[in-house]
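Report on the structure given below.
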């Protein structure tokens, strides 16, 4: 009755890794997992930490979900996956608190909220539940890196303009006037909008070049 | 035929109701494994986190009570007064006594909360009974605007307000003689006034307000039971 | 212009009237063209069926085509002459339509042939109705809707008021004005037929305040036995539209998608009424009508009684056209259709011919189109309380069905008030016409494909 | 059938159509009322001129520089945006001049010129161009510029200089000429605006001073009389709907009047509320921007009442002394909904029906 | 902290609007705000789920406090919320297939909507009592719906605008979100 | 017991109980709330192109999928997708692909700007529908293509492009036969025809006689030669030849046509005219003829 729509993969498995970086970047292209993207990117450090934490959970959940995919009936799929993800997040949460309380405070509730990051459940549902371990691992890694990259893009810009620093180190002259808005919520939206424009522009340029080559 | 069981004209079998056992098995199985994992991590990290938290709290206490090198946590119970409790206790009826190298009481640190410009602001301030004054203040938690309200924790001019903020009691020891108040930047004339940060009058006023309310409650209590804090053996 | 105390409807516009150019000029007879072109479909509905052969001689007023069913009317020869050809003739909207070419006999006396008279005090309503259809009478106010269809009251409906439309709100045109001044007897005679036919208890002639001479003229001659009154309305466009007229005179509102009948009213144009009163007692049919020929590009402006089928080329040749003419339209400048070819003939629905020079059209064609700035002028202008701005935006994006479903597109009667006032020069009503057409075509296509899904 | 038959007079033979003509076919209506977007906009600029002139008079060179840079940056951004979008330049429709003028008038005099320019670029770039230009912007571009500046540089945007300062025509405050992107240093910082004086110190300014414009504040929030005059001119010429300003000012007067009656010590008087801050300029020139406001008169009244209530609420209970800008932006945000809910009742749909 | 119910509601709905100030529930905010009708329904659904999960969270907190197992908080919250949402989803599918189709793929996304879990976590962190929690949930839901509805109104307007190709879509939506967020700063300090 | 074990027991018990309850709830819900929908519809829907163009005669791909699953339509009814997709659907459902000869849009006009005259200057909206509403668009031939490209805009598949003379050209490979151009053209010049019927009358003028050539040099003059040469294939109606599309076409009728109004649509060479047709080699547009 059911036709396995992702039956036989035809792409090389390295592609699973690469696609998340740009072509299917979870933030710029798929527009998923937006809350942490906006909320914890007011400094580059927070962005990096959040990105790595998310990547850990993403890879972990992809691997686990891929491993148990045959045992989970579709009716309880989501709940089961969420249990897995929540466990991983709890682990991350405690680990960060153990590593640095300050960082834990800066990331706030958003560590816990990794549980509901659409990217993670999205990949579990859309990819890991249909693919083997290795591919799922690569997919998680690629998506996680893509996610971290996007977060860093935002974090760096916002911190630079908003505070004149990068990873806490002053890089702009002391006379620099901070753009407070950049670290406010609205600045998050604007910065992301700006990056989406940049990505659109690059993709448009590529498409045009490809068309030109084809013609 | 009820609407949930329409049968296609050509005899495609209705899918049987999903079997219960695999569902239960999968969910419960995963749940159990997760539980064990979480417990393991929790067990491993708990002491570290607790230590971190203690350290953070102590650091704050030492900062608002200059000269303090050790601290003890006290719980206040109405009618019973202050009693020492474990350092990892929690609750909003705690104060933290700070002691200097000689084991003498430097002062007592108290938490206060109030609504700032954007959201609740939580501060810790140190009260030195011998000087009848606040001797330090630190913002523990706030969502104030970076560069404006959050300067409350970094602006040296503002923090200078709290080096010796007068909270002396009236004769009867029941009330603060001069409740803390905020004034516009550069207009501070009295030792119980707080000189606002320019551009963040609201945050500054909020801090002044919450400290006024908090000191009105805690300072008389602490002043009345100074003995409870004095009895402290020196820890090397 | 907003004459206080005079009745009117809400919204609407006040374009410059330009009626002084022709309103004082009495109706003159127009000569016969060498060839008259009579389309078989000068009305809304099925084309008439020719009853003459090519080469046959016809007498003026003789029936040359019969009605094809109920939604159709007869055609009559506009002149005594010979049928030269039966074939395709140019229509006003650019299409080629079936029609009859008639060559009038030069020098003929052009006596009108009469048929069986229909006497107002004897005829049964059904006979009057048949006589109206037989006389080929359609709405002369512009829509050319078969008058007998409009007057057939269905079971269960009742008409209590006959409204005679003497508003003529279209700038430049003075046809109805002259008819009221010169054909009062015909109008009152027509009214007798109408009242008898519909059983209505009263008739109101609605006239705008810029034709007070006509009002006085008619009021002074009101027959005592007719329950008819003449009402003065404030000058405002498009008061002549039947919905607006009904609201202005009676305070009733024709329901959306409904007909005047639904509020117990029928609206008939004064010229139509006059034609009924002129033709029925003699059993004759329409062979000519009154039109205003006007506009800056016309040399000899005036009001003329003109044979149906006169080609524009002959008409303009006769009255003289300035060489800097840029647009010629049938009707007035608000509603008139510009013609692409001067071979188009005058038909029963033509109430005027207006010709503009570049001086008038230049500023309009050259005005840049801005985006809608949401100024709301169009909302204030639309007499139907539609939202032309929103409709315009939707139309621009091709969301035709949404326009119809959410914004009452199909109610728009294309008066053009919104376009007239729009400071952004957005061709609103033009877009709505396209949209209405598209909605109809899409619906037809759906139907053809096997119903709504 | 009276009259002569035309065309029979041989002397008029020459008037016949000698040459064949080429006709133009356009669809009706063939006439137009003659108004045009650029003319409407030009009149708004005219109506703003007295206020602008007074601002320059009150704040001298600093004010002038401010306005010039504001208008210039808006015009330049519009030009660049048109180039990028491949559209013909729209500078000639005057709407950007309005945006620039109004944006400039909302700024504190003495604001660093580089900030003025940045805000102008944001106003037209983010406020208007990215949404497709004239007519499509959901928010008032001038206020977008100001709101973003306010969020980016809260200190600079709340540092005021005195009106009518001596020597204002010969020198500018140091902050004005701050090096681009550097933090300004203030030399001639003045007292508070009437509103913040009320909010933080509870001192109300004199009504006559407010009317005449001798108070501290943004360039354009000073002379209520001149702003009113410009607004009345526009309303009379039907270039702007009178419903919006009347609804806003009426609501503010009523709401603040009621509060003032309750407790005169805590709540400012209605005349103070009406005349202080940016309310006049906002109500008459900014809330009335048709692009961001509802189209039906009833909708405009609702919109005005909403803005009025917000102004009173923010000024009275909010964190900031002034709320006109935010109130108008929020009004812009709900105006699509007002437009949706308050449609004119289409003729023949319910309501008045005839009785047969 | 014993905040008044009114200030809890105002704060959650306006001052600290979940979407525009706290960045919670951004995915549905960007995804389902294209048409007003859907936005309203989504807002309603989220508010409903918020109330349900706030109640669940209150209950879970009591149980976990009783057995002293704070480390199970996150996992229990999310498991309960996820199953509840799934039940709601099935219920809607059964009761109103039209509604189901309109919310489409976004119903499951409510599960992975930060706003829901965030609400549960915040009410716990702030130690709200059950009634405060309920008001908090209602305020947050109202704020979410408000943000969604405002966005939808503007986006429907932009659909008919000549937004440049480069900006059309996500970027335009984000710019509008930023501007809305700026406008919401006007509410700062209200209700305190 | 060590604290770890104690904690683990609490945790295991709590989570175990929790997941059991949840599982029970979900099982119950799946029993009682499940809505039946033939899962094959999803599969078929997935295999369809998703263009929702309506070429199949159904309102959208999904309703076509429903019809195919119910056996009310054949996979071949979707002319847009690939053969492989159609075969896959047929195989999946175990039904016949079905035979459906593709239909493509054909334009009944050849009067580009170089051969057909305009008689008035159109101003206003750049759209055929708008132009057609005023004076028929100003083309001398009342039936002819206005060349403003409404059909081009309407086509979602890029199958129509306007050539240099302002005539739409259909790319048979891209045309899906959805019929959008048929609805869009205000002059009703498009119709859907079987792709293998290559004999075509590229004219819609109902006027007869050589005068029509003043309006358009490639118009049908209704001379009747084509009908005379292939009487079973062609009949004259309303001054136009009408081809019997149920019969196998031949090239015979085009041979003697004096204007080339009846043509053979060669898949490779395009529009082929008979040898008697006079050649028009004008490239620029005809001047506007004064009225």
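All chains are identified by letter, namely A, B, C, D, E and F, in their written order; residue positions are counted from 1 within each chain.
Here is the rule we use: a residue touches a chain if its C-beta (ideal position, glycine included) is under 8 Å from a C-beta of that chain, and two chains touch if they have at least 3 such contacts.
These figures come from a predicted structure and were not determined experimentally.
Note on connectivity: the fewest steps through touching chains from subunit D to subunit E is 1.
Chains making contact with subunit B as well as with subunit E: A, D, F. Looking at which two chains touch through the most C-beta pairs, you get C-D.
Rounded to whole angstrom units, the spacing between the C-alpha centres of subunit A and subunit D is 42. Centre-to-centre spacing of subunit A and subunit C amounts to 68 Å, using the average Cα coordinate of each chain.
Subunit B and subunit D have CA centres that are 46 Å apart. Within subunit A, contacts with two or more other chains are made by residues 1, 75-76, 79, 83, 86-87, 90, 94, 178, 180-181, 184, 186-187, 190. Residue positions 19, 21, 23-27, 126, 132-133, 135-136, 148, 151, 154, 319 of subunit D each touch two or more of the other chains. With touch defined as above, residues shared between interfaces to two or more other chains in subunit C number as follows: 337-342, 365, 371, 427, 430, 433.
Applying the touch definition to every pair of chains gives A-B, A-D, A-E, A-F, B-D, B-E, B-F, C-D, C-E, C-F, D-E, D-F, E-F.
Touching subunit E in their complex are the following residues of subunit D: 84-85, 126-127, 129-133, 135-136, 138-139, 144, 147-148, 151, 310, 313-314, 317-320, 323, 325-327, 329-330, 332-334, 336-337, 340.
Remark: subunit F residues 7, 10-11, 14-15, 18-19, 22, 25-26, 29-30, 33-35 touch subunit E in the complex. Interface residues of subunit D, counted against subunit C in their complex, comprise 1-8, 12, 15-19, 21, 23-40, 93, 95, 132-136, 241, 290-291, 293, 295-296, 339, 343-349, 351-356.
By the touch criterion given at the top, residues 4-6, 8-10, 12, 14-15, 17-18, 20, 23-24, 27-28, 30-32, 34-36, 38-40, 42-43 of subunit B touch subunit F in their complex.
The part of subunit E that touches subunit B in the complex is made up of residues 1, 11, 15-16, 21, 71-72, 75, 79, 94, 188-189, 192.
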